[in-house]
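All chains are identified by letter, namely A, B, C and D, in their written order; residue positions are counted from 1 within each chain.
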Amino acid sequence: MSGDSTASEYDSDVEAAIRENHPALITYITAGDPSLEDTKAYVEALDRGGSDLIELGLPFSEPIAEGPTIQAAINRALEAGTTPEGFFELIDDLDTEAPLLVMTYYNMILQYGPSAAVRPFVERAAETGLSGIIVPDLPAEEADPLREACDDHGLDLVFIVAPTTEGERLERIMSQVSGFAYVQARLGTTGARADVSNATHDSLSRLDDYDVPKAVGFGVSEGDHAAEIIEADADGVIVGSALVDIVAEHGSAGAAPAADALEAKARELKRGALRGGETLTNDTEDTPEPEQP
Amino acid sequence: MSGDSTASEYDSDVEAAIRENHPALITYITAGDPSLEDTKAYVEALDRGGSDLIELGLPFSEPIAEGPTIQAAINRALEAGTTPEGFFELIDDLDTEAPLLVMTYYNMILQYGPSAAVRPFVERAAETGLSGIIVPDLPAEEADPLREACDDHGLDLVFIVAPTTEGERLERIMSQVSGFAYVQARLGTTGARADVSNATHDSLSRLDDYDVPKAVGFGVSEGDHAAEIIEADADGVIVGSALVDIVAEHGSAGAAPAADALEAKARELKRGALRGGETLTNDTEDTPEPEQP
Amino acid sequence: ATFGDYGGQYVPEALMPAVQELEDAYERYVLNNEDGFMDEFRERMREFGGRPTPLQRADRLSERYDREIYLKREDLVHGGAHKLNNALGQVLLAKYMGKERIVAETGAGQHGTATAMAAAHLEMPCEIYMGRTDVNRQRPNVYRMRMNGAEVNSVEAGSGTLKEAINETMRDWATTVERTHYVIGSVVGPHPFPKLVRDFQAVIGRETREQIREQAGRLPDSVVACAGGGSNTMGAFHEFVPDCADPRFANESSGRSPRDEDVGLYAVEAGGSSLEIDAENAVAPNSATLSTGTNGVLHGAMTKLLQSEEGQIMESHSVSAGLDYAGVGPELSHLVDSGRVTPVSVDDEAALEGFHRLSRLEGIIPALESSHALGYLEEAHEDLGDLVVVNVSGRGDKDLETVLEETEKRDLEAAPDVEVFDG
Amino acid sequence: ATFGDYGGQYVPEALMPAVQELEDAYERYVLNNEDGFMDEFRERMREFGGRPTPLQRADRLSERYDREIYLKREDLVHGGAHKLNNALGQVLLAKYMGKERIVAETGAGQHGTATAMAAAHLEMPCEIYMGRTDVNRQRPNVYRMRMNGAEVNSVEAGSGTLKEAINETMRDWATTVERTHYVIGSVVGPHPFPKLVRDFQAVIGRETREQIREQAGRLPDSVVACAGGGSNTMGAFHEFVPDCADPRFANESSGRSPRDEDVGLYAVEAGGSSLEIDAENAVAPNSATLSTGTNGVLHGAMTKLLQSEEGQIMESHSVSAGLDYAGVGPELSHLVDSGRVTPVSVDDEAALEGFHRLSRLEGIIPALESSHALGYLEEAHEDLGDLVVVNVSGRGDKDLETVLEETEKRDLEAAPDVEVFDG
């Protein structure tokens, strides 16, 4: 059981976590990589490091939306025998400041119950105190059953907005946003990239008209990236592959060093986000005159 | 230059050699195997050993009518650089009791002259004193040009009669026999075989009505075979592969031992033929009464 | 969902616009022949692809089974299998859609080679994803693709086979979706792929239906086709689906009504070495998805799957690489549930016997995939009626090495003595 | 002789009755369709063989050469080459003649596999002779023949290639002639083989002639085909021979008269590495018999040959095993002498470029044999008129290894980078 279930002006814990901690840091790691025990330590470290929201990946064997880094993490987690039930027990066992989300593929949700239906998973998720669900292979068009179940159990179902999401589809998705809009900064799969800025601004500017929290992911690995993203007017920054890399690097060295490194990284990213937020405030308040030629 | 060109009651040296030496021994070796010098010694040995007619193979690269033994001899002769001109020089150089025949494939005859015509070969053959030609891939139907050239130069063109030669074709071929009819005792290619008798009788009995010399080949390797063939009413027996085997066995030991072995083999074969001839005479003159049961 | 409970579009958000764009293109070009698309497709399949393929009466099989056996000769299509029907259709569609590049996955290499051929023919840049294991064991197909100018990317993840290749192709597509079309290799994936691929492959059954009427004077009692993903299966079956007394299958769009002639449809899956699941290792020693699978979502569609209780996709197994897939087309799942298609399976050994039997008796070396249909014919011919069509979906030249290896391990009735193979 | 100065029956006496029996059968069954022989042959070529094959407009070659290029797609015949046209015809004829067994020679294995397929199809025991060298380098074809139930005898003599295989098959035939038919693999051998094989292959040109009329509205300016023994060449040319102004070529038997439309016929031989003879070693580094050969007798017929001055047959050479033969069909020799057919040649390199070019531009991997015709098209298209038909006599899957090896040695313009072949 995790997250502070405070009644607030916001629709959900998730929205509150972003709005109240603006600019927010959202972190991701894969549960069970390299073991569920280690994941517990890592999540607590990310929480300590200043994560405002934590996504935990429940591993699925065919992670078609992930890049090589998270794919490898998922494989390690599966080889370690990670099961949905083990995952839920971990969540049950966690007590974090930041609300927790589960990120998994639709088949994992379907198979949790006895007959390819979504409710048993959602019920169990709600029971463990998870705040929301992100499903990379579930577009809005196929999401009704899961959304209804989530609504019934007070969970957010987070939708992804891609660079290709446009027109009516964009409107429809934005009108259904629950928790926050997961803004995919560029096409492709997850993975840390050196350069994040150009696409971010474009992605966000399309969403200017929608008054919902927007968090940007796909490619963030450093505090400076976080700053740039926030400067581009995001409400939050999502970091995954860069953290999974840390887990992988410390894989054999035991949980403690990895946890320390994760905590430090989270701190760096949160500082970057805050820096970006300040720049933005300054810029807005005090736009410098263009230099005279 | 070889053979005694005596005027006789017969149409040709070749026919005379068979009729006058009845039952006749006809021997074959491949010229140039392993060298033309050695061939000279071998031919003289075969002559001494009692050959009544000697066939010399002029090697052609695609000997489709030969079995493995003579194929291999031909390959050795070609590797030794045997040419038609070398072959003719050998013939020029030979002085044998037995008339000599050349056995070769039609393309060798065609290519001797400048423009795929048969006459230059036949002229040169006649000039060297060869008495006749045998061409395994020239059936009677295609033989007119070569036959005319042979006629013009007093050479015999020997035709083969196969087990499949029947009816009109048999009649036509038998009416054109020049020298002797080369009776192929069984289907297949040349080569020594352990058993020769059964097919021979059948092959010859079909030719009873034709008054031409008949020599039987394909498969003869021992004196006893020769005897059986003559008993079956042949006028001559043709031996090739068994002699080529002797050449091959002595290949590296030099010409003299091979020549001795060839001479001895010829003697054995001729004795066998004579024995067969006596049996036949006795049988004919003095047929034993069938035993009473 | 697209077909009863099955189908749908379970893809990352980034791909949804492309999938919807494809839906639109499917409707315009394929269903409504806009700009003469279908005319051009059919013309190119005639001239380039070698259609129609014959429906051949198999004299010796007919004698052996004491009934009329006809073979639909998809092995004669350019490239050696029915795969080109789909690959050419999709590459041409990509061209009509203004795409500048295609990607495709391939397992054994049959779909990859067909796609590379179609791409060369239509001057379309092409990249093929193929698992590392498959690259190593299907090298001639890699060469063929490269000869046709395609790039071949080997996928190092997982077991390095078809599943991983599909995952990786989806990732490429998700990155390049605006200018790229993903030529999916079977009647799987998100809507409209299962319909699109089916419609390109339906020429098999359409020709068969006409040919059998002309040659045998009536519709067959049964049509037998192997099923992996199910593209040759749906291709062979589609035109026959309404040929049954059950009014649910009357094809309204073509104005058909239930038929008097009842055509049985048999989807023959790879039984591998056993139909039992190896639960401990989460491995299925077979690819019999229709016969033993459970419902779930894989590669964009709800369908029957070989999966663990927790929802992890299992490694499937078959002597035939082209059937070795843990999913199956959603429409086949639907037709099986609704009773129109009968799912059956034969094991590796029966397929190998089928391979040798057709090679020796009819002078046709079938693909190992198709050999499953022939194995089922041997086992169940008595239940198939008097007039049977078997779809020979591809030729078996590609399978010679595998067949030799697998034959050496067994004592097969129909096989030549492979120990003394060079005379 | 059968064709001007060429042809004839230069075979051992033992074979003459069989050859004459075949003449009789040729006349009765092939020329006069006795017992419906030709009807059955054509029907089986349709159902079993996949005829007719398409005549395809090659869009990108047409663009490249700025004229209309059409490809006759014999690569789509069952087995992958035109060879089945002849093999099936002869095995069926053997059946009509009451023969109980067939033998055949094979070089690269194409004729052997076609014969084995036909024999399996028609339930005829079959033995194939193949040189030891060819057995070793064409193992997949050995497997295919064995899969079809044929025995494969490797011939150890000489260089272990086609010539030796023919010699050995003739020996088998000479031994078993009464119950055995020799399915010769090209328009070579004693009369009536060159006519018989030509007539079975003539379907290529007959279809082409109809198709080009329908698709292009007129006869082509030229027909280009590769020539080894010459069976695809004569098959492609035969129907077009009378299509010229010269009255000598009016085909009286079909009641034709000289045509207005003048169709050029180009037989493209394998130029190998050079057209010069290596006299010292009696080796021809090419197989350009029509272009450089002299008249002589080989394997039963008077024709043009690669031979030494003394009459020994030379070893020929070509990157393409199927063209690697020192003889050629006698009718082609005659048509070349009389000016109706133009003999040309391209070297190994041009053929390899042709292979890669068609693979990349058209998505068709041609046989290395056919690649010679494509190499000539590249070199001489300006002389071939506005409408050109190239016979793609077979597919190139069988040649992948050879092409890789030979491509690695060279810097070929049209080839992919074969150094990094697995992506």
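Definition applied: a residue touches a chain if its C-beta (ideal position, glycine included) is under 8 Å from a C-beta of that chain, and two chains touch if they have at least 3 such contacts.
Quantities reported herein were computed from a predicted structural model and do not represent experimental measurements.
*Asks:* Mind naming the chain pair that shares the most C-beta pairs in contact?
*Replies:* C-D
*Asks:* Whole-Å distance, chain B centre to chain D centre, using C-alpha means?
*Replies:* Averaging C-alpha atoms per chain gives centres 39 Å apart.
*Asks:* Per the centroid of Cα atoms for each chain, what is the distance between chain A and chain B, given in Å?
*Replies:* 99
*Asks:* Which integer distance in Å separates the CA centroid of chain A from that of chain D?
*Replies:* Spacing between the chain centres: roughly 67 Å.
*Asks:* Mind giving me all the chain pairs that touch?
*Replies:* Chain-chain contacts present: A-C, B-D, C-D.
*Asks:* Once bound in the complex, which stretches of chain B touch chain D?
*Replies:* On the chain B side, the touching residues are 60-65, 67-68, 71, 75, 78, 83-84, 105-108, 110-112, 115-116, 136-142, 159-166, 169, 173, 184, 187-189.
*Asks:* If you look only at chain C, which of its residues touch chain D in the complex?
*Replies:* Residue list for chain C touching chain D: 46-48, 50, 53-57, 60, 73, 75-76, 78, 80, 116-123, 128, 130, 135-136, 139-140, 142-144, 146-149, 151-154, 356, 359-365, 397, 400, 403-404, 416, 418, 421-423.
*Asks:* Inside the complex, what are the residues of chain C that reach chain A?
*Replies:* 8-18, 20, 157-158, 163, 166-167, 170-171, 174-178, 294-300, 302, 305, 307, 309-313
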